[in-house]
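The following pair of complexes shares a single chain, subunit A, combined with subunit B in the former and subunit C in the latter.
Moving on, here comes the complex of A and B:
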């Protein structure tokens, strides 16, 4: 499973060197990846539907509780099949859709990255690992939304999407860490055993709040839904894949995954029902007034996500079954509708439904796919959508809530009426009626573009005819995984009861709405006002404030003068050190510990003070640098007196080299002119003096503290035994603390690269002038 | 400030200092010395040479950019760090040859680690110094 999850990452890495090859006829190679993963996951279907689940454990960072734990159960399997199955269709489709596009290879790199991340989310059995993949999906979504990066709208939408989902991600992380700390484990399958502990913990509502924020932002629930319509700036295959079939369902997955652990309480049920219920109705009404095909689909997706949230909030057996079926239903028809929209956009150059019509005459197979998908979304009998809708009604009818149940049912019906009409608008409207003149010479695109949506649409029909096997094989296991115990479920084509009547009524009402409702730009404007109650504006204002703050902060701290940087760094260090000294109490000096300085030591100190005097008073920079190096050598001598030859040697060489460096730089600088006034001189003097005083105080404190011999003894004793070295300093550097040394060398290298590239780049830019 | 005395002195000093720096590197595990100091001494040798003969002349002796020493050094350190993993040991475990080698002494993975540090230090210092001294920084403003 690890390989299955990581294969996308590996491929996207390979695309960096070999990407250009893919723009040729070799691009079909890419489709092998999702297709083979799909087959791989299909091979698990018999075992999973028989009730087993698969675990894989690989140590990653066991000390932090982060491991590669993967689990494949019914819920994961359903999502994995959707991700890879629809992924296959999308890969085929996008190959043609983006043919000849300049960033073709980059696009597939992001897409592979996303597929990996999404598989990681649904297969992770470790909540921290899940979080890592979760963030990775946000990042890949960011790149895909902003794919047309020369368009400022795309960039803005991408940033909005990233900041909303990223914000939710923060909360999710907080919730997951709380959860893991309370339960004492980060493994999802072990969290279930800690259910009682978590539910009775006082922080339980807080965990739920954080988790919900994560899920709601990801799954575009009201009031965070606004990023999703913006995300439609992405190329259509991306919208189909990420923003309707898979990524936005990550939030739903999260809720479903955690419902056996955290669910079944009022804290869980009511917020989910309220938010989900409101979102589904709100978005469903909204979708009716859109004129952009992708806008309709975006809002109906939000509505569908609302339905799923709502069903998980209901939490009854029927609701969970309905959710597990509806995930599949929705993915099938919505992906189809998106792909169909993509073809229409690709061929006609417009997505305005008021301008489109009669396309069945030129795009027959596409229209079949679109109409089938629309029927499935409308829940016409004999489609899988019908069964999904049936189950939703059944779930709302069979609740423990008396009056509330009827309200819920009414909301579900109203939502579905809207969705029926929206589905017809997106899937049927462009194909019926008269064909406008300018579209007459349109012809079918390549097969690889219209076959994937057609297959998906036909699947929706086939599943509707044979719901039994599909239910047994896939949805049954899903429902069991979410519900936590056995759910007996038999999907049937018909139920002759009140549910059927409601379904038919919905269908009729929806069709009526479709015929009556004529969306127009003016209506759209009116309905847009509704959106202003969403915190979209707050988000924008917030973003602007951050920009303003960072500008102010940058002006304050990064004014480009080296002297001001030095001043600030030293002042800050002084404040911290002085504070630390202050709170750690008075220093007691044991004068008896002071030994009489030797003749040599006094000599060195005298030289040192003399050099110091020259440094401060000399008018020449060169003299002051040389005097500084005298100070360095004096310190070096002191190291020698106190038998630290390694330190002395290093200090000596470093001092030599830094003097050389100074001289080199000074040589290049314009000659020194004293501009500074008295006030600045005094200020700098005071800062320098106080820094010296603080460092001296620290030295005294260190000296007066009792020395812990433990560490020194450990290294002294073990240097030869463990590391076969007699020079303890060196053994510490290359063995005991070798990783530190490694990173230090890396830091050094980065510094050298920085100097090299800065100076070189600057030279080039001056050359240009 | 080309001085013939310094020029002829560096002719002999450069190899001697380089040898000395290598000596420091090798003895580091038992006596004062080590890759870091060794690297510093070696860079000083080159810097001295460049003072006497000009940076271009030193670059000629080096044959390639000192920048290229950095990845080599990092590579050597990384390999010596991860090599124990090939034997199923945690990274950074010291691996040692059983018998000491004549002249050099005991050879172990930490010596190679130190060698990497040595190379990186030379690369970093020479890159910084030579980039600065080779380029004309003066701005006309």
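Moving on, here comes the complex of A and C:
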């Protein structure tokens, strides 16, 4: 399983060097990856449906409790099959959809990365590992959503999606760590045994809150739903993949996964039902007023996610069965509808449903796929969607709640009516009616584009004919994993009871809504106002504040003036050093250690300070250079007085050389100009003086400490005996630390080369020597 | 004497900092040189200053017969002086190049419009 998860990561890495090869006919190689993974996971179906599960454990960071623990059970398997199965369809489709696109290879790199991140999320048995992959899905989806990176809207949507899901991820991490600390384990299979401990812990509501935030942001639940419609800026294959089967279902997966561990309490049930219920109704109504095909699909996706959240919140046996079936139902028809939309967009250049119509005449196979998917989404009998809808009603009808139960039922029916109409709008509307003139010359795209949606749509139909075997093979194990015990699920084509009546009524009402409701831009504007109750504005405002802050910060600290950088660095250093001095306590002076200076030493220092004053104040460049050399010679004299003949000689030579160089090279330059005002000069003077004082105090402090003479004595004793030299300083430089000196010589040679080439360089033809 | 040197190095640092806060490129370079000199004195002082006893072994002896000045700070400073000369020489020539190109000694004139747009 480790290899299955990591294969996508490896392939996406390989795409970096070899990607350009894949833009040619070799691109079919890419589709091998999801297809083979799909077959790999299919091979587990018999065993899983028989009730077993598979574990794999590989140590990664055992000391932190982070290990490669993978578990394949019914829930993981359903998701893994969706990720790889729909992934295969998407890979085929995108190959053609993006043919000739400049960043073709990059796209598939992101897609592989995303796929393995999703597989990692659903297969991880370690909550920290799950979190790592969870974040990886956020990051890779950021790249996918913002794939058209020359479009500012697209970039903005990607950023919104990343910040919303990233924020949720942050809370999720907090929740997971709390959970792991309380239970003493980070392994999901072991967390189930600690259920009682966790439920009775006082932090249990907090953990749930954090977990819900993570799931709601990822699965676009109200009030965090707004990133999903924005994410429709992505290329259509991405929308199809992210929003039908994978990314947004990660939150649902999380809830389903933790349902047996944390679920079954009021803290769990009511928030999920409330948020899920509100989201599904809100988004379902919203979807009716969209005129952009992808907009309709986005909102109906949010609505479907709401239904799933709601069902998991309901938590009854029927609800869990319904959820496990509906995940599959929704993935099949939603992926189809997205892919169909992609074809329409690709061929006609528009996604506006008021402009589209009659496309069945030119895009027949596509229209079959679209209509089948729409029927499945509407829940027409003999489609898998019908089974899904049936089970949802079954779940809302059989609850322990009295009046609340009826409300839930009403909400579910209203939502489904909206979804029926929305499904018709997206899957049927573009294909019926008269064909506008400008679309008459449209031709069917390559097979690789229309076959994947057709297969998915037909699957939705076939599953509806044989719900029993499909349920037994796939969904039963899923429901058991979510429910935590045996669900005795058995799917039938239909039951003759009130549920069937409700289903048919929903279908009729939805069809009615479809015919009555005529979406238009003005209605869209009106319904958009509803969105203002969502915290989208707060998010936007917050994002703007961050932008403003960073702009202000950049202007303040990176204004492009060297002296201002110096100023800040020095001020900061002063504060730090002063603090360090302050906490190191008072300085005690040993007056015995101080030697009395002779009068010529004082004379030298007075000259030095005078020269220093001249360097700082003189307006003449030449004067300052001369004064500078005076300082150098004075320092040279100090070295002479205090037993450092080598230093004195070096300083003398170097100082002379520098002065000569200065004068030779810079004599032509004008005198200093003084732009700066008095106030700034004083400010700089104060900062400079305080820096000097601090350094002096530090020097005093260090000097008052005793020095160890061990090393000095070692060199003194061994200079002649080991290195046969009597001048110890020289011996250190050329013998004991000979390699250092060699590299110093190298540095000087490089500087000399630089000097030479700079002198010879002529950038302008008019330049003189 | 030590106290005088401590005051002196404080002044060298202060003057160096003051100079690198100026707009002129030459002053910037002078400031860096002053900071270097200040640091040399600092190391020299902290190694303990000794009068009239250079770390050179007598001609007839194999090891020191008497106390001697610490050779390590001296070795360090010697390296520092030489390296700072490399820096100074390079910077002086660079300044000349810059002056030849932009005809100014003002650091602010080096901020090209492209950079300001960022």
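Going forward, the second predicted complex is superposed on the first by the 553 of 769 C-alpha atoms of A that agree within 3 Å, B and C clash if a C-alpha of one lies under 4 Å from a C-alpha of the other, contacts with A are read in each partner's own complex, and residues count from 1 in each chain.
Please note the rule applied: contacts are C-beta pairs under 8 Å (C-beta built on N, C-alpha and C of every residue); 3 or more make two chains touch, one makes a residue touch a chain.
None of the values given here were measured: they were computed from a predicted structure.
Student: Which partner chains sit in contact with A:501 here, subunit B, subunit C, both or neither? Use first/second/both/neither.
Tutor: Neither partner.
Student: After superposition on the shared chain, which partner residues are touched by A:576: those of subunit B (first), subunit C (second), both, or neither?
Tutor: Neither: A:576 stays clear of subunit B and subunit C.
Student: Once chain A of both complexes is superposed, is A:693 in touch with subunit B (first), subunit C (second), both, or neither?
Tutor: Touch status of A:693: second partner only.
Student: More residues of subunit A are touched by which partner: subunit B or subunit C?
Tutor: C
Student: One more residue to check, A:639. First (subunit B), second (subunit C), both or neither?
Tutor: second
Student: Quick one: is A:61 in contact with subunit B, with subunit C, with both, or with neither? Answer first, second, both or neither.
Tutor: Neither partner.
Student: Classify the contacts of A:407 with the two partner chains as first (subunit B alone), second (subunit C alone), both, or neither.
Tutor: neither
Student: Please work out whether A:735 is in contact with subunit B alone, subunit C alone, both, or neither, and reply first, second, both or neither.
Tutor: First partner only, subunit B.
Student: Should A:29 be classified as contacting the first partner (subunit B), the second (subunit C), both, or neither?
Tutor: In the superposition, A:29 touches no partner, neither subunit B nor subunit C.
Student: According to the stated criteria, A:665 is in contact with first (subunit B), second (subunit C), both, or neither; which is it?
Tutor: Both: A:665 reaches subunit B and subunit C.
Student: Check subunit A for residues that touch subunit B in one structure and subunit C in the other, and list them.
Tutor: Overlap of subunit B and subunit C footprints on subunit A: residues 645-646, 650, 654, 657, 661, 665, 669-670, 726-727, 729, 733, 741, 748, 751-752, 755, 759, 763.
Student: Touching residues of subunit B toward subunit A in the complex: what are they?
Tutor: Of all residues in subunit B, those touching subunit A are 24, 28-37, 40-41, 43-44, 47, 51, 67, 70, 73-74, 77-78, 81, 92, 94, 96, 106, 108, 110, 113-114, 116-117, 120-121, 123-125, 127-129, 131-133, 135-138.
Student: Mind pulling up the subunit C residues that touch subunit A in the complex?
Tutor: Residues of subunit C touching subunit A: 1-24, 26-28, 30, 33-34, 37-38, 40-42, 44-59, 62-64, 68-72, 74-75, 77-79, 81-90, 92-97, 99-101, 105-108, 111, 115-116.
Student: Considering only the defined contacts, which subunit A positions touch subunit B in the complex?
Tutor: Listed in rising order, the residues are 645-646, 649-650, 653-654, 656-657, 660-661, 664-665, 668-670, 722-727, 729-731, 733-735, 738-739, 741-742, 745-746, 748-749, 751-753, 755-756, 759-760, 763.
Student: Quick check on the complex: what are the subunit A residues that touch subunit C?
Tutor: Touch residues, subunit A against subunit C: 560-563, 566-567, 570, 593-597, 601-602, 605, 608-609, 612, 615-616, 621, 624-625, 628, 631-632, 635, 638-639, 641-647, 650-651, 654, 657-658, 661-662, 665-666, 669-670, 672-673, 675-676, 684-685, 687-689, 691-693, 695-696, 699-700, 702-703, 707, 709, 711-712, 715-717, 719-721, 726-729, 732-733, 737, 740-741, 744, 747-748, 751-752, 754-755, 758-759, 761, 763-764, 767.
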